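Letters A, B, C and D name the chains as they come in the text, with residue numbers starting at 1 for each one.
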């Protein structure tokens, strides 16, 4: 068979499941059969036309699958049939940026993000993986697709918020917004040794999930001044690290104001318009503060590290997987996800299991701390 | 009353409980009434004459207490009656070393360690605290003496093993020896985001405790080649970070050999004689490895951070507290501890509670992960 | 004599030389006799009423002098008659911020800056130095007052721009504005191993000075698009590190746009109003960039390090000293400096030498690279 | 022509210039025509049989040349005829080690070092470059072969000694041995902002060269106790950073003893036998010290950075090039170099210029600071 089913972008608010050519790998590339994928907030921006991609592109950047075919030069390290994940970001490892350690900016600004952005993505039966040697991460047998599905993007992104913020043992960390990325940032703050973890979100269910994921306290920004609350919780100083996980001016500014002198604002959000830092929020430029932005770290070694965390029971993100769909149902899943309906956190798309899965909302399992 | 009871070093294997002058604070100093203290492996070295201190010195460097009297200049920040802990290391914050960020080496090699080393220590009813502004850390009301007793030394030291080793999310970490320091290093590896944590100790009870404290696997070095085991667990590479927590050539060398190229050996042990690194264990000097040694971090801010960890249920070391004694019984406690008898891990000395506590071995409570 | 001459702030644009009480040290404090001081851009902000300080305050924060009197507890380390400098920032070394390594924010936002801000400053015959043990740095005999006068503030600040930006060997660094701080940032970029150093300033004399101080190239922002020029010089990428040394929105934004993905904007300027970062200048928050602000590092160890640099012929800032005045002439010097008249870079005020020095513009000596 | 001239290892002390097959590139590989190369101390170890390589191997790992032929997939980035250098270390950028940022350990211990070790090297008319995209660095037209010949190995290695040691502005740095690597470490210490730079070597000419390359002072270890001297120069403390550039127990131990508490020993030497650290030299493991080893950083971006340093007149290593030979004369050059005869520092081998160059000792040009 030379064709496959895939979800193709046809223009603003127009995605269609259709037959397209099945990819074949060239030297150094691999093709994987997708067994699970998901929908990301970034995909919503794309479909709404807020982030431009070319028409005809297959979207999606969170692949779990099985090696289907290997291009030349990969046989020594990989074999057809192996289960793998691939990061949302697929660095080459060999360009200026990669050799400078900024793999996500491979070949230039945002260049490491290729799937569903500059090349075909994971909302399909098959996916072509470029620079496969740098990007195919083997999945241990004992881990299910669902256990690893969040690793390519939101786990890597969210945890990096705490890493880029250089959270230290005993730090106070405030995380603004507790969607999937923010919840993973909460997990990250815990993994890096934070003492007090303050999760901020207006949605009650998300605050509850934050507490399950390791927050010390969860604050509703509608219930009073968040910055004041964070200062009260930190003897008047402010947080050592604040993590922005939404991408709006108001959360950016609140995060900035909640950081103590000498502290760090680690920003994960995708912004539009402009970011404004009132001079008093940065102590006129004299506060010894840092603002750090991070694009999802990728590459096979990042994925291997995250797989190790799951394997050793240090990270369990399956409570986020609230809904299941087939590939044919992806537009329906997209509609649900983009409306944030039915208490959805993350959906699972099962391309390999067409017909096997129904759209069922499952009760999240208990979080293993 | 101008005298107090204290445990005084009179020479090799000769410590006595006796009456001595109660200290009075000068400007910038404080006197605290000790409510709990403990015995450390370093004290054993001292009493055995292996580490020289002057005769007449009061030993002990792990104080929990209540402010009894404040010297000039501290009234704005502290008040008599406040509960405090003080780190085993009491930096001044103002010398060459402190201003270079190496507070433990305050004024010169090992100079931050003063209690029970160069000035009177905590095995007494009262303790004079130098540079009090840099060193008195307030204890939150809801925390018991026992919950905070391990913070001044072993928690700070053990966790620093992981910090100095720069453990990253997904790292494999091997910890050699699981005495109190090694167990705290295991806690530290977990707090810094390690994936696979391998605890090594010949004693079964300590391996079991290691698993409770967060180790992924515990290895008996008598049951086979430890370095081989660690390499097998890490796809043949070796650990990203190894922590030495005993202070012997054999564990130093095994730790070194268990570190992968580009990895770090973080050393906490106190060594005598010499350390030997066979050239093949360091890849002839070409392996891009690091060896880092750390003396217990002190100062009130380090203590505050550790208190935050206890307060937010991230660290609970009370399972280590196996035996309780009065100050008068300290020589008896020392005998038990130095012989490592009766399954002792750490003892609690209650100077304030003479008569109140019996020497009872308690069953450790469940570890809160 | 219990009085001294000093320059006192009496309100907006009103400074007067008058008799005030000579300070006396309490425990831990010292009084130094000022032998040289200078005027800073920040002083201009203060006198113009743009940065509020209390009326009656003696201004100035760049002291070179001789120990006149020591408070209790300093005799072991210092002696009357020793030549010293004191940083513009005088950290205590013992508070939350200092113990967290953010000495400039001692006791809270900007709290390390005390001279001429919250306590009396250096525009006087005598200066009271708080926390003297942490702040008095001995000046080697062979160094003149003029050789060390820039160290307390502009050398420390400017060089920290390169340090906070973490300039690495072979980096491309762009420095926006080449006033005294920017010129010192140029020196700092060179000291940290930058390859290409691009200095940006509209004033021809400052661009020439920048080339003498180590810039590879000096650009006039009026002669074309600076961001384009910097990208052309870096194969289209942008600088690894940009340093902002002026404190205006336009230079902030140009610096931001000149930084490559994964690069760092190190900000030294003092801002008013608000800082705006257009979303495209930060790649929508996905560019793996850092923005770092730094307040002048102080404390005796910072000063000692800078003194070492002068002593070993690695830094020579005397070319910046264009004009000389007595203390009585300080208002006149202030007028000249604030108007940036007569090619002034920095002025030297000689309180000890009333009558000895005339206001002479000297030709700068050759820069020793 | 399918053959070329090359210097082949035939066993201990047996290297021969002979005809061998000219290499052809596969996908991702390149062949360069060597225009200049040199001999390294490591080559001496190899030829003497102290470091094992297979018989039949072409030695040499410091290539300067011109692209002769490109394998598939490189056309977009490179073109035949371009001048390039390639690092002695040729990382792939895509393996576990590279993705962890330890490129020199590519694929495992020392694995990044391939030329003249595990694959054919640069002592030949032509050289096959693996993973060419990660390793070919374009040489700017205005730089001569001689200006860039030291970059692939000794400049990269020596400077990394200061980088790995994390030399900071104002640090005191002691460098043990001033052969080519040690001299480059001296350059590195200067580039990273050291204040006091102490160069140690028994050979007068090398001490003089050290002073030309930026040392503050040069010490003859035969003239008195070096450790004492270094402590005297640093107010009794010891150096902040010591760099070992020889690979012997005696220099390792002296370097270790010359490091202050909290300082770093950065080791570049290649050791045999074992390394011994007397416990008092490491303060019984409690001195907060670091020992760091580094293998020459490679890859095209490292080379580009070093090229930038030469291009911007920040590094000039041509004074090290004391002798010139043709490829046919390489065994003769080897004999001279291995005996350290005739004041040799580094030799230049000109494969492309057979007959053009005579073996002439040139007077080193003046060092441009």
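We adopt the following convention: a residue touches a chain if its C-beta (ideal position, glycine included) is under 8 Å from a C-beta of that chain, and two chains touch if they have at least 3 such contacts.
Fair warning: this is a prediction, and the values are worked out from it, not measured in the lab.
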Pair of chains joined by more contacts [C-beta pairs], C-D or B-C: C-D
Geometric centre distance via CA averages, subunit C-subunit A, whole Å: 43
Whole-Å gap separating subunit C and subunit D, where each centre is the average of the chain's CA atoms: 39
Sites on subunit C at which at least two other chains make contact: 96, 100-101, 304
Chain contact graph, described as a line, ring, star, complete graph or other shape: complete
Contacting residues of subunit B [partner subunit A, same complex]: 159, 163, 168-172, 188, 190-193, 195-197, 216, 304-306, 308-309, 311-312, 314, 369
In the complex, subunit D residues that touch subunit B: 96-97, 100-102, 104-105, 108-110, 113, 237, 247, 261-262, 267-279, 282-295
Parts of subunit C lying in touch with subunit B, wherever the complex brings them together: 27-28, 72-73, 92-96, 98-101, 103, 131, 133-134, 299-302, 304
